Amino acid sequence: MSAVISTVKLHMNRRETTFLVPLYITGMVAVFSVLISLVFWRSGSQPGSAEWIQGSQSNPGIVYALLSFLVYLGVSSVATTFPFALTLGATRRSFTVGTLLWAAITSAYVAAILAVLSVVERATDHWFVGFYVFDVYVLGAGDIGRLLPIVFLGVLTALTVGGVFASAWVRFGARGPQLIAAGVVIVIAAALIVVVPAAAEIAEAFQLWWLAVAALAAIALSSTGTWLLLRPAVVR
Amino acid sequence: MFTEDAPIFQQLAARIADDILAGVHPEESPVPSATDLAVFHQINPATASKGVNVLVDLGALYKKRGIGVFVATGARELLRTNRRAEFRREYVAPLVREARALDIDRATLRQMIDDEESSQQ
Amino acid sequence: MTNAIDMQAVTRRFGESTALDAVDVTVPEGSICGLLGRNGAGKTTMMSIIAGQDRPSSGRVEVLGQEPFENESVLAMLSFVRDNQRYPDDYRLHHVLRIAPDFAPHWSEEVAAELVDGFRIPARTPIKKFSRGQLSSVAIVLGLASRAPVTLLDEPYLGLDVTARALFHDMLLRDYAAHPRTIVLSTHLVQESEALFDRVVILDGGTVRVSSEAEDVRDLAFTLSGATDVVQGLTARSTVLSTHTVAGLMSATVWGALDDESRTTARDLGARVAPASLHELVAAIGEHRPEPADLALHEKKGVRA
C-alpha cells in the first residue's frame, strides 16, 4: 500500500504540470472566449440577448483545450514515469494502482476548479457583462450536478486513455500505440456498420448517461489494458 | 598508490610498517583505523582490515577494544628484525643476480657498496 | 555468511539472442563486488534481473532470500539506477531529491546533500539537458544516499571527471564502512576501481567466466613474456586467453597457475612470469573466443567459486 501512495506522490511531484498547467489553460481559454465575445459584440450582437446566450453557450473551447493537454499528461504519467518508478522501487502493480488513483485525484481537482469558476460566473451574472466561459452546454450549462460528473469522467478518460497508449509504447515500442489505435478504429467501424441503419432512432433516444457509461467503459478498459501491458513490461 | 606486484593488503601492511620504522607512528600511539586507511587509500575496508591484521598477528600492533589499534612496545625492533630476514631475499639476492648478469665481479660490487655508503653519509 | 544475491542457472533471452546463459553468481552480504566484462557481456541485464526490473527466461534469482520481481519488500531494500536511466518529463534535480526518500526507507539527506554539492549538480537545468557526467552524478546520489542493503551501480563513472571520481570513492567507502551493505558495481575502468572490490564477477558473452574473491584473482591467470618461441613452447598445453606479439617477442595471458617446473624453465629461458592483474584478466577474457573444452577446463579448476 505504501508504494501506491508513494506512486501517487511521484506523479504529484510534478506540481506545476499537475496543478498549475490546467489553470493556465483554463485561463487562456477564458481570455480567448472573452476576445471572441468582444468580436461578436462589435459585430452588433447584444450581450444578454437570446441569440447571444445561445451562441456563447455552444462554445466548447474549454473541452478541446484541456483535452489535448490531459491526454499528454496521461501519456507522460506512464511513458517516462514508469521507468523511473521501477528504479525507485515501485512494483508494476503499485504503479498501476497509484497511477489510477492519481488520475482520479487530478480529475476531481479539475472538476472542482471548473465547478467553482462556473458558480462564480453565474453568481457574477457572467462576469457582469454577459460572457459565457464555463456556463456552457458541454459543461452542463451551469448545472453543477452535471458539470462535476462530466468533467470528472472526461478528465479521467483522457488520462487513462493516454496512459494505455503509453503503456503499449513502453511494452512494444512504437508499434504498440499503432496497434491499439488500429484496434480502436476497427471496433468503432464495426460498431458503426451495425448501428448506422438505426442511427436516426438512436439519436432520438440518446440520453446523456449513455456518455457516462461509455466513459466508464473506456476508463475501465484503459486501466485494465495498462495493467496487462505493464505487468510483464521490461525497461531497457 | 599500490602496485600489482603483491596483494594490496600486504602492500598496506608494509607501508604501515615503514611508517612505524620511520617513527611516524611512535610506540603506544594509535594508527589510523581500517576505515580511515580504506578511505585514504581508496581501497576496500575489508582489505584494509586485513592489512592491519597482518601487523596485529605479527605483534607489531595491538587492538584496544572499542578504542582503536596501537603500536606495540618493541614494534620497531620487531619489525627491524623481520625486515633483516627479508633484506637478503628482497635486496641482496636480486643485487647478486643482476651483478652476475652484468659481469660485475665481487670486488667491484663491494667497492660499489662502499662508495654508495660513503656518498650517503 | 549469507548471500545478498543468489542467481542460479539464470538465462535471459531476447528473441534469438541470449543475453545471459546459465549464470550462477552469489554475492555475500556486506561486500563490494565488481561486475566486469565487455560491452554486451550481460552486465546491465544481470543487474536488471537482480533489481526485479526484468525477469529471467529460466533459472532462479533471490535477493535477500526472496525473488525480487514484483516484490515490494525486496524492492524497498534495493537500489538500481541503469546507465541510461530515464526521468519523467520536465524533471529537475529537486524533483528527484523530493521523491526518492519516499521509496528508500534508509535515505540519508546528508549523503545526498554532500554529493550534490561535491558533484556540482545544477539545480535549475532540466535533467533532460544534463551532460553524461551530470547524469552519472544523479545516479550516484540515488545509489549512495538510498543506503539500500543491496545497491547496484551501473557504470557509475561514465563521464565523471577525476575530481568527481575521487569524491565518489571517498563517499562510497566512508558510508559503506559506517553503514555496511552489499554493493555491485559494473565498470570498464578496472584499474581505477579494482582496489574497491572484495569480490569480482567477470562476464563474457552472457556467461560467467570468473566469480571469486578479489584476492584470489591473482591466482587465476598469469602472464608470460619473452621470446616468441619460448612463450609458445611453454604455453603449448595451456589455455591461452590472449597473446600480443612484437618483433620476436610475445606476451601471453594464460589461465591457471604455472607449476614450479615450468616456472624454473621459464626463468632459465629468460621469460618473465607475473600474476595477471585484474584488468589484464578482464581484457584477455574479452579477447578470448573460448572453445567448449576450455570452458569445461575452467569448471574443473573451480574458477566458479
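Read from first to last, the chains carry the letters A, B and C; within each, the first residue is number 1.
In this section, a residue touches a chain if its C-beta (ideal position, glycine included) is under 8 Å from a C-beta of that chain, and two chains touch if they have at least 3 such contacts.
For reference, the UniProt names are B = GntR family transcriptional regulator; C = ABC transporter ATP-binding protein.
Keep in mind it's a predicted model, so treat the numbers as computed, not measured.
A.B. asks: What kind of graph do the touching chains make: line, ring, star, complete, other?
C.D. replies: line
A.B. asks: Using CA atom means as chain centres, which chain is nearest the centre of all the protein shown?
C.D. replies: The most central chain here turns out to be C.
A.B. asks: At what distance in angstrom does the C-alpha mean of subunit C lie from that of subunit B?
C.D. replies: About 32 Å separates the centre of subunit B from that of subunit C.
A.B. asks: From the C-alpha centre of subunit A to that of subunit C, how far is it in Å?
C.D. replies: That pair's centroid distance is 47 Å.
A.B. asks: Using Cα averages as centroids, what's the distance between subunit A and subunit B in whole Å?
C.D. replies: The answer is 74 Å.
A.B. asks: Can you check the complex and tell me which residues of subunit B touch subunit C?
C.D. replies: Residue positions touching the partner: 1-2, 4-5, 7-9, 34-35, 38-39, 41-47.
A.B. asks: Which residues of subunit C touch subunit B once you look at their complex with the stated criterion?
C.D. replies: Per the touch definition, subunit C meets subunit B at residues 31-32, 166, 169-170, 173-174, 176-178, 195-198, 214-215, 218, 274-275, 277.
A.B. asks: For subunit A, which residues count as touching subunit C in their complex?
C.D. replies: Those residues of subunit A that touch subunit C are 3, 6, 9-10, 13-14, 16-17, 76, 80-81, 83-84, 86-94, 232, 234-236.
A.B. asks: Inside the complex, what are the residues of subunit C that reach subunit A?
C.D. replies: 48, 53-55, 70-72, 75-76, 78-82, 85-91, 95, 98-100, 102-104, 142
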